[in-house]
Structure formats: C-alpha cells, structure tokens
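Just below sit the structures, each encoded as structure tokens.
Paired with chain B in one complex and with chain C in the other, chain A is shared by the two complexes that follow.
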Partner chain A sequence: MSSRTEPLVVFDSVDKVYEGGVKVVDNLNLRVEHGEFLTLIGPSGSGKTTTLMMLAGFEAPTKGIIRFDGAPLNDVPTYKRDFGIVFQNYALFPHMTVAENLAFPLRMRRENKAVIAERVRNTLDMVKLSALSDRMPTQLSGGQQQRVALARALVFSPRMVLMDEPLGALDKQLREHMQLEIKRLHEDLGIAMLYVTHDQSEALTMSDRVAVFEQGKIQQIGSPRDVYSRPSNRFVASFMGENNRLDATVAGISEECVTAHVGQGGVAVRAHAVAGGPAAGEQATLMVRPECIQLFHRDGFENNVEGRVTDVIYHGDHVRLCLSVEGIGALVARRPVVTGEPGFAEGDVLPVSWSARDMHAFTIDPSERTEGNA
Partner chain B sequence: MSKKSRISWLLVAPLLVLVTVGFLLPIGYTMVKAVENPEVTAALPRTAAVLDTWDGEGMPPEAAFDALVEDIRSSRSGLEFGAMTRRLNFELNGSRSVIMKTRRTVDALDAPYSESLPVEIAEWGDPEFWRLIKTNSNPVTASYLLRALDLQVTPGGSIERVPADRAIFLDLFMRTFWISIWVTVICAFLAYPTAYYISTLSDRAASYAMLLVLVPFWTSILVRTTAWFILLQTEGPVNMALVWSSIIDEPIQLIFTRFAVYVAMVHVLLPFQILPLYSVMKRQGPQYLRAAASLGAPPWRQFLSVYLPLTLPGVAAGAAMVFMLSVGFYVTPALVGGLQDQMVSYYIAFFTNQSINFGMVAALSLLLLVFTGAIILIAHRLIPNVGGAIRA
Partner chain C sequence: MTRIATKVFAWIVLAFLVAPLLAIFPLSFSSGTILTLPVPGYSLQWYEEFFLNDRWLDATRNSFIVGTATMVLATLLGTTAAYGLNMSNFRGKQIVLVLLSMPMVVPLIVTAASMFLAFSAVGLANTLWGLVIAHTIIATPYVVITVLASLQTFDPNLMRGALSLGAPPVTAFREVVLPMILPGVAAGAIFAFATSFDELVIAIFITGPGEFTLPRQMFAGLREFLSPTIAAAAVIMILLSFVLLFVSEAVRRRGEKLVARRANQ
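The block that comes next holds the complex of A and B.
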C-alpha cells in the first residue's frame, strides 16, 4: 500500500478552532516522513499538543485533511488508526498488572495466547522491565511507569508512535537517560515517531527534525542544528536556547552581511543576513548566543570590542560572564570551566569578539513588538 | 500523657462520648434485652425459689402450691404481674387466662392448695404448666431469639419449628433482604447512566443536574413517601394518566403493592448510589479511555475493560450504603406497601408499640444486625471495596 515517495503523514491546510472561536491550529501544513523522529516544540497553547491529538483522533480538525499513507484519516476512529500513543501521565490501566497492560492491545487484535505471552515478554525485555511484569502500575516508580507506557505503545508494532510530553513528570537525570533510551528504540525499530515537548534539550537530542510552533503555526521546521543555529525568526531564536538581544538600526546590507548600529547611532556591529531579513534603515533585533561570544580577538571575526566583567556566575561545567560593553550595553558570555586556566574576576577588562555568522538580524514586526520578550 | 496527646484525646472525646452513649450502650442494651428473662421471677419470687429445687419430674411439692398462692395474693396490683402473664402467654398461648383465673379464685381457696387449686383450674394439675414456670424462672432465655427464627423450646427442652400458622419471621427476614437486594440492584442500574451523564456535563450544567439529585435527597423521607402515596392512589394521578392515555382501561391497584414499595424505596435511596458513583466518575478523566482507544479497543470494549472496572468501587460503595439503609426501612413500606410487603422494622415497631414485647424487639433487631453484617462481610470478600472506603 505505502508508496515510499509519499510522506507517511500529511497535514493539509488543517485548522482547529475550539468552542468560543479560539484558533489553536492555523492552516497547518506538516509532513512526517517514513521512519522519521519529528518533534513538535513550542510554548503551551501553541497548538503542538492539539496537532498530536488530531493525528491520534482525539480531536477532529475544523478544516483540512490529515492523510496517513495517502489515505484520509479524518473519519477513522482512534481505535482503528493503529498508532501507539504515550501519554503525558502514562495512563497505565491501574486495575491491570504490567503484563496485562501490555497484553491489552494484543488481546484487542485477537492474537492467540502464546503470541501474546511471547511479545509481552520480548517487549518487556526491550525496556528492561521483565522482572516487574506482575506488578501493578501503582507499585512502580515514575521512570518504570514511563517504560511500561512506552512498551505498551510499542508491543503491537503500531504504524507510528505518538508521544505527548512523555518525560515531563520525570526528574532531570532520569529524563536525560530516557531520552537516549527512546532514541535507541527509534533507531532499532525504525518506526516513525511524533514527539511533543516544550523542553528544547529533548527536542535537540532526539529528533531528526524539529518543528517550532507558536500561535498555531509552524515558525520553523528543520534539523535540530538548523533550528538552533539558523533560526528563521526572532521567536525561534529566543525560544530555542539563550540569546543576547540588541535593538539596532540597520545601516546597510552587503553580501550576506548586515551592518547595524546598536540603539540609536551606537557602535556598528555586523550580523548574518538572511532572506526576508530587515532592510537598510529599518529597526532590527540582533541576537547572538552566549557561547558564541569569545573572550579574545580573532582574525576573521567581524565584531571586536572590549568589555568589562560586571559579574561572574559559576555553573559547575561553565561560567557565565556578564559584560558591560561601551556603545552596546550588557552582554552575557558563556565559557567552559577548564582546569588550570585562570578564572575571570569582576572588573577585568577583556577583548570580546563574535563572528557575524553567529549573529542574526531579525525584523521587528508590529505583532512581535507588542509581544515583548517571548 | 504529653500535651499533644491530651489535646488529641480532647478532640475525639465528644465523638467518643456520642458513640458510646448513642450507639454502643443501646446496642449492648438491646443484646441483653434479647436474652433477658426477669418477668416470672419478679412477679412470682417465692414460686421461682421453690421450683428451683424441684427436679421437674411428676408434680411439684406442696411448698410450690403454697408459694404460688402467696405470690398471687401478695401481688394484687403492679406492672410486674401483667408483664409475667404476657411473658408466659408468649411461651404458651392461653397461660395468661389461666393465671388471671387463678388470681380471681385464689382468695376463696383453702389449703392444701395442691388439692383445691387443680380442682378449680385443671392446668395446675399438669406438670407441664409447672415446668413452664420453672423454665422461665431462669434469668436468661433463648426463646426470643429462637422465635425470631420461627423456632421454639418444647416444655421437654428440645427445639422445634413453630406451627406453620405462626411461622412468620424467617419469611420476614427473607422478604426484607430480597426487597433490599432488588432495591440495591435497581438503584445501581438507574444510578450508573445518570451519574455517567452528569459526569460528562460542563461544571455549570453538572451543578444544576446535581441539584435535581440533591433536592429530593434533602427532602424528608416521610414527605417523599407521602408524595408517592398520593401519586399511586387508585384514583391518583398515575392511574388517571394511564387511563387517559388509554394504556389501561380501568385504574389498577398500585398503592399497597410490592411495586409501590420498590418505586418509593428506589426513589428515596437513589441519591446514595448516584453521589459516590459521580465522585468516582468525575475523577476518571478521559485518559484511560483514550489509552484504550489508542490500543485498539472499540467503544464497548473501552467501557467493559476499562471504564466499568475503574468505576466499580463507586458502585460498590453506593450499593453497600443503599443495601444497609433499605434493610432498615420502615416508613416507606408501611405507608405504600401491603401487609405482605412489610419488612423487619415494621414488626420491630409492632412489638414496641402494640404488643410491648421488648424481648422480641431486641431479638429481631439483633438478628437483623447480625444478618446484615454477615451479608456485607460476604459481599466484601467477593467484591473488594464493598463497604470499604472508596479508593482513588
């Protein structure tokens, strides 16, 4: 049935409007490729979860068509869609043991007992939970429940796996461990996964592609590296990772390079030019990530200034330096802590430089201006 | 005792006092009343003392006759005498009139009474009658409890079934539990969809729907039962409506039937099933049904395999409450039921108000308590959570 040229899932001009007229998904066009790990990320209310709910069949699109393997999915009820879903709160059946929870989808498919027993055992092995098959879900830790939920979504070899913030309830260490585990399962099984999160580190570590949602629209979709280092607009840049933001006026544009004056006629800095970026004379927001700011002068870096350290914040694996730069204002730099290297102290005056390729210039459109710091 | 634990004791003290005074003492008193047997000894102390030494074989000694005449002569008035005659009449029909006749004739008799008394009143020549008095001079008796089970002690001391025309109590218990079980089942079947529907409503709509459940709940049982009494009259609105809509030709007997008892009891008790069920269903949320759907369960399987098992504790909690309350129902069957629809409480009231037999009152109450406890215990074993707290 499946033609390999066709994407696995296609959202075609899909709108979702809730009662009361709130448009949570706005003309969404999205493709999920075969075997792909696609993450939807965005702030709460951005439409990412609604998108997953529509694909799962728990919500119906107000407009538009969702296709799976070329066939329209809109009128197919959830129980016929054959998607494994991992819920935010796991939704393990509290009245069934771990093994019974896993057997449930197989029983629904009328598999015979021997097949069910074997697949339950194999799947529990896969998530390293064989020893707990007779426990009730309430007797398991959060991390174990998460694995059971994952196993239950995989045990019946679904056509696709959907995950709605599955690691949200776990502590940081466990979350990082599970990220790798899910990534490994995805690589082993080769099954397409749609993953919803608001945690950017999850999105960056696990995904083949990341779609950044805001206000019901996809702001950018691309590889984690693209989305992080080449954000296509101000929202994406500020949502993914940390940024130094400078308000500036564009003086001129040449060959991939924007020259702008910080504030009103301040120091001239150079930034990376993109299609659809600000034009000469326009107001712009310039962004550069703290880790891109170097504390020495380097040939080939277009921006070279001097800064005075106003604060040093120790983070264990790195330090954050608050710098005051004349004509620019405050900048934050992030440096790894290296044994044997002299530390920084308040009041030090240091050379500060960054490449124009690491600085992005974005237009300020009126809606964004009212939004303030997103 | 530390200050903290003194304070905790003070806090529970009012409840402790209330439970002791209002619950433990009356129950204990009832249990004692069910086996207590003071009437004969109180009214005939001398006779009882003499008969205590009598072996029960043949006729009692002359001293017993003397003591009897002395007892009866000295107790011209007094409640004790009446209580004694009722007590003996309960054991042997007709004893009351024998004693009363004795009281009327005893002044005219001459000694030796063992000869003059049986001439006037033949029963005193029968060792059986003397044995009756001897048996009931015992401070405790099982006869109330046995009678409540349609059993009696023969004068010979063995236990036998009472004659069929007087055997009503086993039937009464069976009927009480049968009606209660059906009321419980009907309530469960009516409450489940109702509670489910309310749990799916928006908060605002649900609060109005809950009001419809709660307003009857807050109304007195007597008022609601009286309403049914009026509705179900032969000339009442229900019959009139049925005749008017040509469903029936003639008004049918609705009031004073088992049907009326079921209708009124279910109406009164339904909120007790709806409320715990609603609270369990309200906490369910959509996630388990969604999970079941995503795993391939069609709607009916989602209900049977997931929703029903998860809401069963609510059914169990409500059913236990409905059952225990309906077992003790009095006003409703008394008003809308016929004689064949009365439950144990009706007879408890009868023995309290009409025949003033507190031994039977206590025995019926005690057995009702024991049977109900046993049924709840069995149900608890079969279905976990019945009668227990609702688990989240």
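The block that comes next holds the complex of A and C.
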C-alpha cells in the first residue's frame, strides 16, 4: 500500500478512440478514492462502460495514463490487475458448481486446498448462499446467480471491485434488495467499488460519489445530493430525475438570483444563479423539479403564481398534478398522498410557489457549445 | 398407395447407395484367387493374408501414424484459428475464412500435384512427414468449421471473467473455453482423422514404397496383383469408418444435450 494521500485510481487525460474514429472517451480525468463507492452513470454510448473496461484491462486507452496506487496500469494485463469484476450477464462458468466457480480465482493464485475451502465457505456465508454450493449455475435463479457472481468477485480479496450494470437483468424488487446488499458489503469490506449503471435511483442510493457521463466526458461529479439538487448543467439536470423546463430570457442577475422572463416577455421568475450560468439578455433554460413546487404561498419563496389543475394522475404513493399557469404555461407538481388531506380535482385553482434555490438557470444547450469548441 | 410407393422408393434409393458397398463383403470371404462374383466358395484366406503380410500391416500402421499425427496437428491449428477468428474482428476476416476453406474446394488432384512439386523442392516428398503436413492442410478446414460452429454459443464474457479472476490467457482458454467447445473440437478431430485415413490422391503423389498407407496399398494391390486381399482390406476400412461414425455421432449428441441443458434454464 502506498501513502493514503494518493488516490486509489487516477485516469490522467485518457482518450479512447475506436476504429472508425469514434471518440468514446474524451480527455478523461477521474479519481477514485480509497474505499469509496463511485458510480458512473450516463446514457448508452456516453463512455461509462468503456471507462470501466479500460480500468479492467479489456480495452487499452488510445491516449493518457491510468494509475493504480501510484503505479501505471496501462501495460499490466487483466489477470495481473487483481480486480474483482461483476458482469451484467454474470459470466459464471456453466461447467462448474457454485463452489468451483468461487474456488477458481483462488486456484489461479495457487492457494492450498484447506484455505480455498474455508474462504469459499466464508464468502458463500457472506452472500447467504451456503446451501447452494453444489448447484450448477444454470440451476439458480437470476438473483442467486447475481450473488454468486458478486461472491466470486470478492472471494480473492481483490484490490478493487468493478461492476458493469450488475443488476440490469433483475426485476425491480430484487434490484432494490440487491442494491442494499451491495451497499452493505461495501460498508462491511471497505473496498473501493466502481459501479456502472444507467439507472439513476441505483446511482443515488448506493454511491458515495456519482459521475455523470455524456459524450465521453464527465458532466458533473459529486455526492448524490449535489448531483441531484445542484446540477451543473442542463444535461445533468434532465438526466438525473424529472424537470419542468421553461425557456426564458434573462433580465438581470443579482447576488445569487437570476431574474428571467418566461418566453418572450412573459412572467418574471427568479432562479438560482451559478458560475458560468447565462448572462443578462441571454436565452436560458430554467428547470425546477416537480417535487419542489408547493401548492400554497409561502413567505420567502420568490416565485408565487396561480395555477389551474388540468389533470390529476394517481401513482399510489404520490399524485402528479398538471397545472396551467398564466404567462408560464404547463407545470407539473408532485405531491405525496396524505390520509385526511383534501384531494385535488380538475379545474381547481391553486396557489403555486417555489423557491429560487430550487430553480436552475442554464445556458442553452451547453453540450452543443462544448462540441463546437472541440 | 402413395405411402407404400414412398417407402418402396426410399428402399430403392438406400439399396442404390449401399449395394455396391455390400458387394465387397462376399468378395473378401472368397475361396477363389481372383476378384470375381459370384464367389466359388467361402474362406478366411484373404484376411489371413492381410494380417500376415508385412506390406499390409506396415500400410495399416502408417495410416494410423499419419491419421493420428494429422488429427493432433489439424485440431491444434484449427481450434486456435477458429477461436482467433471468432474473438477478433478485423478487415479481411472474410477473406481469411475463404482462404482457410480453400483446401476443401480446390480439386484434390490440383492440391496433390502442387504439394508434390513444393515438397520435392524442400525434400519432404516421399516421407511420412510430408504426407502428415499435406493431410493437415486438407483436414484443418473441417476443424475450423466445427469449432466455429460450437463457438457460436460461447459467451466471450466467460473468457473475460476468467482473465479478471487471475487466469493467464492460455490457462483461461484451457479451463473455461475448451470445456465449452469440446464437442466441436472432438468432432473436428474425428473428421481430421477420417480425412487422412481415407485419402488416396495425395498419398499417390507423396508416398513411395515403404510409406504406403492403407488406401495407397489397396490401390497398388488393384493395379499390380488383383488379389482379393484388397477386398479384405476394404472390409476392415469400412468397419473402422463405422466406428468413427458412431464416435462422432455420440460426441455430437453429447454436445447437443449440453446446449439443450443450457438453453432450458
């Protein structure tokens, strides 16, 4: 182990260009800290899986250096990297039993039989699969196979664990259960995990940090709370969660507040100002999440209007209200269903308000602009 | 009526295919000294001749040596070639595939003649090793094809999984890839052996006396002394071919079961 000041993994200006000139990873600089759970999230083709594949050693960077614990990793073959990898389709060896699958990495490390048996047993206990050690993988359910794959990636005490959409093939309930189980293993073992997914709820529930990828670049990296509630650009805001989106023209900027007119000279609304945001007179996209829209007027909220309910959609634990607001247009609000509270009906006219801190102002299509510069 | 006609027709076709082959059986048990039907009486003399004559025994031994060596070489080359082709994607892959199957489509006499010329130049003509190399060239495509077929269902992530778990590439191939594609490899190996065991044209060009294989010895027997020993040899070859056929069928069924079991889950 080297000094703890150095991050565990460093991607230093890494490019990956595939045959045909498609640049899937573009000047990537990424650090994974010791013991952290870092999730790479993004749409397909955004470079998140390629990033994992380069760290795993299945793909070679076209340019740049990847370092692990301070040492360059580029020329180290996969089998010497000592990373536990969980694949989307599990990649369990179908001709070996569960126990033999787990013993494989230990056999490759020439451990003696007694050590192998003990570690296989302990690891199967850890994922609660001891009863199934003599089964063939094809005799297991999807969730069980997933846990075997996880156990096999952990049994040899790897230096790090990489997971490529490991829960993608499971149904929703099992997926949520496994999220908690993976999180528990991460906390118990204290091992660094790099996790690739396109499911935002997975990213938000499990991670210490989330890196949002698009077009081979990290658009934002930070804690789940940061990325969700303080998106740094329009892409991040719309990829993570739901949004009301308003086109507006910026009228003025004060300390932390942007004033903008919706559409052409519509109602003035206030939004949160950030560095690099739109300047006065520029076109902007304003975004506010449905759960941030309140249906009463509140002191201290900068935006107060009136809206007429055009539709009420029941979702069990919450309702979604489609509102029509004069001078703004359609807005969607999301309210929890609370017993004893009066419901909402179509045609109701309600006070509508939201804080400027919950409304983000972005320049028009930042991704297009970065494209233009590249 | 039509059903009976279909049955009769089927039997006629079968008889057409098999009857000439069956004619050799009574001939091999002939008590006469020339190859004619009907046989004057029955005897095992030609089998005795086969098993006591050094020429026939040497030819049999040579056939097994060449067949086994061809099988080993062609299986090794064909399996690695198929795996490489399956795992990679490069420009000209189709051309390589066509080139690999060339020996199957080029007329054997052309292959044989060119090999004779080439091998003479490097001193491989008239040697068993020359014949092994020539047979390996024509047998390898069969292995490539059977192994490529069994790789169709192979999940490349298994190889990646094995590498990530600390297996060097050769070990990973042996422990994970090979068990999965074994039926294809075994079928290819049997094809390779059979190809060499049956082959005459190249053997005519490349082997001299002393290196004759069984088909070459039979050919010599036909031309030089029309002895019914060649009928006995033919029957022995037919029986060996049957054994190979059954082995390859058993391998194929085992492979099918394996695939079915995987697919059922």
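The rule is simple: the second predicted complex is superposed on the first by the 363 of 374 C-alpha atoms of A that agree within 3 Å, B and C clash if a C-alpha of one lies under 4 Å from a C-alpha of the other, contacts with A are read in each partner's own complex, and residues count from 1 in each chain.
We adopt the following convention: contacts are C-beta pairs under 8 Å (C-beta built on N, C-alpha and C of every residue); 3 or more make two chains touch, one makes a residue touch a chain.
As the structure is a computational prediction, the values presented were derived from the model and not from experiment.
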Room on chain A for both chain B and chain C (clash or fit): clash
First (chain B), second (chain C), both or neither touched by A:F58: both
Contacts of A:F104 with chain B and chain C, given as first, second, both or neither: both
Which superposed partner A:E282 touches (first chain B, second chain C, both, neither): neither
Touched partner set for A:D82, first chain B, second chain C, both or neither: both
Partner chain(s) touched by A:Q139 [first = chain B, second = chain C, both, neither]: second
Touching partner for A:D12 - first (chain B), second (chain C), both, neither: neither
First, second, both or neither for A:H95, with chain B first and chain C second: both
Intersection of the chain A residues that touch chain B with those that touch chain C: 56-58, 77-85, 87, 89, 91-95, 104-105, 108-109, 152-153, 156
Interfacial residue positions of chain A with respect to chain C in the complex: 56-58, 77-85, 87, 89, 91-95, 104-105, 108-109, 138-139, 152-153, 156
Touching residues (chain side chain B, partner chain A) in the complex: 286-288, 290-299, 301-302, 305-306, 309-310
Chain B-touching residues of chain A, taken from the complex the two chains share: 56-58, 77-85, 87, 89, 91-95, 104-105, 108-109, 152-153, 156
Sites on chain C touched by chain A in the complex: 155, 157-158, 160-169, 171-172, 175-176, 179-180, 261-262, 264-265
